[in-house]
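Below, chain A partners chain B and then partners chain C, in two separate complexes.
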Partner chain A sequence: MSAEVQFYLVILLVYGCVALISCWGLDLQFGDTGILNFAFIVFQAVGAYTAALLTLGPVETGVFGKMQEYFWGADLPFPVPVLVAAGVGALLSVPIGFVALRRLRSDYQAVAMLAVSLIATTMMVASPGFVGGQLGLYAIPQPFEDSFALSSTEATWAYLGFCIACVAVVGWIVVRISRAPLGRTLRAIREHPDAAAALGINLTAVRMGAFVVGNALAALSGALLIQFIGAYSTNDWLFPETFILLAAVIIGGSGNKFGVMLGVLLLPVGLSEAVRYLPSIIRPGLIHQLQFIVLGMMILAFLWFRPTGLCPERRRRFDVDGRARPSLAFGGTWLGLQRGSLKRTRRPADASAEVL
Partner chain B sequence: MIVGNPVVTSDFASVLELRGISKAFGDVDVVRDVTIEVARGKMTALVGPNGAGKSTLLGIVAGEHRPTSGKVLYRGQDVTSLPAFRHGQLGIVRTFQLPAEFKRLTVLENLLVVAAGQSGHRFRDIFIGRRVHWIEAERVAVARARALLARFGLEAKEDQYAGDLSGGQRRILEVLRAVMADPVVLLLDEPFAGVHPEVLGELGGFLGDLCAEGATVMLIAHELDAVERHCDSVVVMARGAVIFEGTMTDARRQREVVEAYVTG
Partner chain C sequence: MDLAISAVCFGMVVASILALAAVGFTLQYGVTNIFNLAFPETMVASGFVAYLFNSRGWSIWLCLVVAAVFGGALSLALNVVLYRPFIRRGSSFLALFIASLATGMVIHYTIAAIAAEGSFRYDLAHERAFTIASANITWPQITIMVISAGAMVTVHLFLRRSRLGKAMRATAVDADLARSCGVPTEHVVNVAWLVSGALCGLAGVTFFMTTRSFGATSGRAFLVLIIAAAILGGIGDAYGAMLGAVVIGVTTELGAVWLNPGYKTAVALLILLAVLLVRPQGIRAEFARVREMQA
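This part shows the complex of A and B:
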């Protein structure tokens, strides 16, 4: 395999890992708990900027002035910046969640989150001295290349290994949540918050938990992304980016971890890679813009014809002795697929309009 | 035994006391100066024509609405300003006028959502708890839930989505779900509506058994024959106020009660 093909393959796989971690986080919030977090991409950005600041070191001044602008920097060894980034994402979720999740109904929560996303982007653009403004941060050192003195190719493969390890850990967490009684509590809140509260479930606390864990995963994915690509700016986290991730969750199958993986392969990875090789038509950049139109149409088509996605959320059954029936992985009878789940959508009556 | 953990008995003869409860939505007085005591271990029916303020009163007791004035005392403790979930945690569990089942959870899962004695339902359990503990607790809860379903002939439907049940079956499921939380006070908003007459008798008997085990039931109903058969006492409301307290047999003899039903 040539070096170019290897590099391309690694890029695809790292992007896939990053998208999968973030989509699992989004699915925990939206698919399991019913929180429509339109500010999800902001938390990915928080993770990315935090990891960058903790890797770049203090602001350097060259003969022509500052190389790039940011308010503070440190040079911590890998993977400390990545772990701290996830923690910062979790911490920042608390005040935002406290405002948005405590009193607002779910549709107003979505509006509040969208407002948070727009405010965050505008503030970052307007404050170039904070984390580089519209130019963003760049020249972020590659972790394995610098820390472990590996060649460029070896470093990218090593980094892919680290990303896969992160996916494994995150997968374990989300599947554990899904299978535990907590998963049932989350889904009960999603289905009927008032009834869940009447049974003694503290909606704010449980929703906050899902919000914090989901956003920590978003921040982790952002940190992994920036450590790999080495540059990040406000253009990378505009609010439509959240819709790409949301589309992957809806089309793959919200509430089904394997379905979400399938959605990630189809959309953030598949669609963006497929259009990369299409010839430029009419004018440059048009294909890229058409991507969002295709994405929007796919979301509409799925919400209309198959609201439960390609792999619907699995039905939890129990054996005669009261044990949950085993599933091999990702919350399904066989890799998340139930018999007939790809043939037809099985959903209870009156539930079709409640996906969004 | 229906209730998993025997209901903690209280020193108070009346487990629930409503003192001067009033509730207005804007200029509309929905509940007016209601003062009633609900006896421990008894089944009390709240009856009255539509718009009498029964569901609002039940919502106030459950913590869903704050009263404009007045107090709700639960085992002597003022719970008026506590949020709905705290009422649930204290043992005041309610069902709703419109079916409020968790549609995309199976029938059995609906019963397991807040099954008493379960672990593994908090985020910290996920990261530091041992899975074997919650699996064992879940097995106990599943056995109890299946026994409850069997009493109403719903055992064959345990793997169905709750949203696929008939209206009457959803009512029963909601009552059973509330019972799984080991309530001290069970507030039921029209539990008999849409339930088949034969099952209605079984439901009434079931609620009676609950009371015999120490739970207190307060329910809203329009099926006056069922109320007469199963409830210990009845509170009649009209235009937001209580117009009668006593037995259903006595209520039928009251001209004011009959007129309230005829004229609203």
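This part shows the complex of A and C:
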């Protein structure tokens, strides 16, 4: 492979990893728990800014005054900023979750989140001294190149390795949550909050749990992104960005972690890469706008024709004694094929009950 | 102090535009229970349609009527083509919420694709300015306030006096009961979308008249002000929305004077969050039907 192709491939894969981690986080909130978090991208930004501040070092004052503006900085060794970023994302989602999730019905939760997202953007733009405002932060050192003295190509491959490791860990976590009794609780809350509350589930606490974990994943993905691209500003986390991730979750199949993976391949990675090679007809911004028009149309089409997404959530079946029936690897329903449609073995209807 | 007075005056202008939009938004929500996030984009689209005619030499006041008609038609079309089929199918309100956001996105980026990055302005005939208690107010701004007040009175008379208005209030309270009492609810819902869209069109043109120059992205920040005003007044309650519009309009302008102008929308958003946190049923819930806002 020539160096250019390698470089392109690595960038694509890193972007894919970042999008996948954040989409899994969003799916944990939206697909499993039924929280429509329009402020999701804000937590990615929180992670990104935290990681940047922890790697940039103290504010430098050059000959021409400050190089770039931020209120505070430190220089910590590599994996620390990423992990701290995830922690900060989790911490910050507690007060916001407290405002939004405590008493509101779920559509007002979504409105509150939208408000949070817009507040965050306007505040950051209005106060450039905090983390750079619209100019943003830049020249953030890449981890492997500096600390381990690798060449540029080697460093990007090493970084990709780290991202893939993160994806593996995060994937394990979200699949575990989804299959554990906790996952059942989350789905119960999504399907019927009142019934779940009647069974003694503390709705606010469980929702808050999913909210915090999902946002921690968003922050993690933001940290991974900024450590790689090295620059970040308020234009990178406007609220339509959440919409792209949400589209990936809906089109892939909300509630199905592998479906979400497919959605990530199709949308944030596939669509943006596909349009990259279109010649910029008429004027430069047009492609970007057409991309969003296509995205909106696709969401509407999926909501109408296939609301469950490409890979619908697995229908979990339980026998009368309460034991879960075994399912296919990759979670039972794959590309809409039910287990029963492959094997023509029918069980008597009363022998099993479908639960959530 | 002078700054504060002119901020309050301009705040009242903003409030009258906001009242048009917020009453339209809340009226439609109250009747249909759909959180229409495509609302500000309808506003922008109407504003651009008005520009199309205005640039051909039509008077801006005539264009205002055209925009109101266009806004009503667009929002009615959205209901018939998009939202009603989804509701008939029994989609959850989260799905409808996302669908309305997606629709808004499509409209927004379609306008952006056509209008490009350009900035536009209406050709206003009279721009004479008056000075009232050290505040400068232009002739169009006064007219906007009069139009808005007129629209509010019309909405009030419509809701209280006309048969259709009564049917609309009945549908908002309990659609099933209204239907079984012989109210043609589908027709009423259509009228609600039409009225809401017309108010939206008026709001769009008047908003662009006060901002002077406008572009495809102008509507986005306004969405939050609309939602803030509507929720502050208790969503679904037209009179509350008028009150909410005044509060939000004046506070944001005062906030712009006393704090940083960049924090203008943030002030409205903070009010919105505070209301959602403390009193989600709105400020005059005792007078209106209490909505099921809390889980």
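In this text, the second predicted complex is superposed on the first by the 317 of 356 C-alpha atoms of A that agree within 3 Å, B and C clash if a C-alpha of one lies under 4 Å from a C-alpha of the other, contacts with A are read in each partner's own complex, and residues count from 1 in each chain.
Criterion: a contact is a pair of C-beta atoms (placed from the backbone, for glycine too) under 8 Å apart; a residue touches a chain by one contact, two chains touch by 3 or more.
Being a predicted model, the structure only gives us computed values, none of them experimental.
K.L.:
Figure out whether A:181 sits in contact with chain B (first) or chain C (second), or with both, or with neither.
P.N.:
first
K.L.:
May I ask you to decide whether A:213 touches chain B, chain C, both, or neither, giving the answer as first, second, both or neither?
P.N.:
A:213: touches chain B, not chain C.
K.L.:
Who does A:323 touch here: chain B (first), chain C (second), both, or neither?
P.N.:
After superposition on chain A, A:323 lies in contact with chain B alone.
K.L.:
Thinking of the overlay built on chain A, is A:168 touched by chain B (first), by chain C (second), by both, or by neither?
P.N.:
A:168 sits against neither chain B nor chain C.
K.L.:
Kindly classify A:198 by the partners it touches after superposition: chain B alone (first), chain C alone (second), both, or neither?
P.N.:
Only chain B; A:198 stays clear of chain C.
K.L.:
For A:118, is the partner it touches chain B (first), chain C (second), both, or none of the two (neither)?
P.N.:
Touch partner of A:118: chain C, not chain B.
K.L.:
Overlap the chain B and chain C contact sets on chain A and report the shared residues.
P.N.:
Shared contact residues on chain A: 203.
K.L.:
Please output the residues of chain A touching chain C within their complex, sorted ascending.
P.N.:
Chain A reaches chain C through residues 34, 36, 99-100, 103-108, 110-112, 114-116, 118-119, 122-123, 125-127, 193, 203, 240, 243, 246, 250, 283, 285-286, 289-290, 292-293, 295-297, 299-300, 303-304, 307.
K.L.:
Please give the residue numbers of chain C that touch chain A in the complex, ascending.
P.N.:
Chain C residues touching chain A: 35, 82, 85-86, 91, 93-95, 97-99, 101-103, 105-106, 108-110, 112-113, 116-117, 221, 224, 227-228, 231, 260, 262-263, 265-266, 269-270, 272-273, 276-277, 280, 292-295.
K.L.:
Which residues of chain B touch chain A in the complex?
P.N.:
62, 64, 83-89, 93-96, 100-106, 108-109, 112-114, 118-123, 125-127, 131, 134-135, 138-143, 146, 158-159, 161-164, 174, 177-178, 181
K.L.:
For chain A, which residues are in contact with chain B within the complex?
P.N.:
Chain A residues touching chain B: 173, 176-177, 180-182, 184-185, 187-188, 191-192, 194-203, 209, 213, 313, 315-318, 321-324, 347-351, 354.
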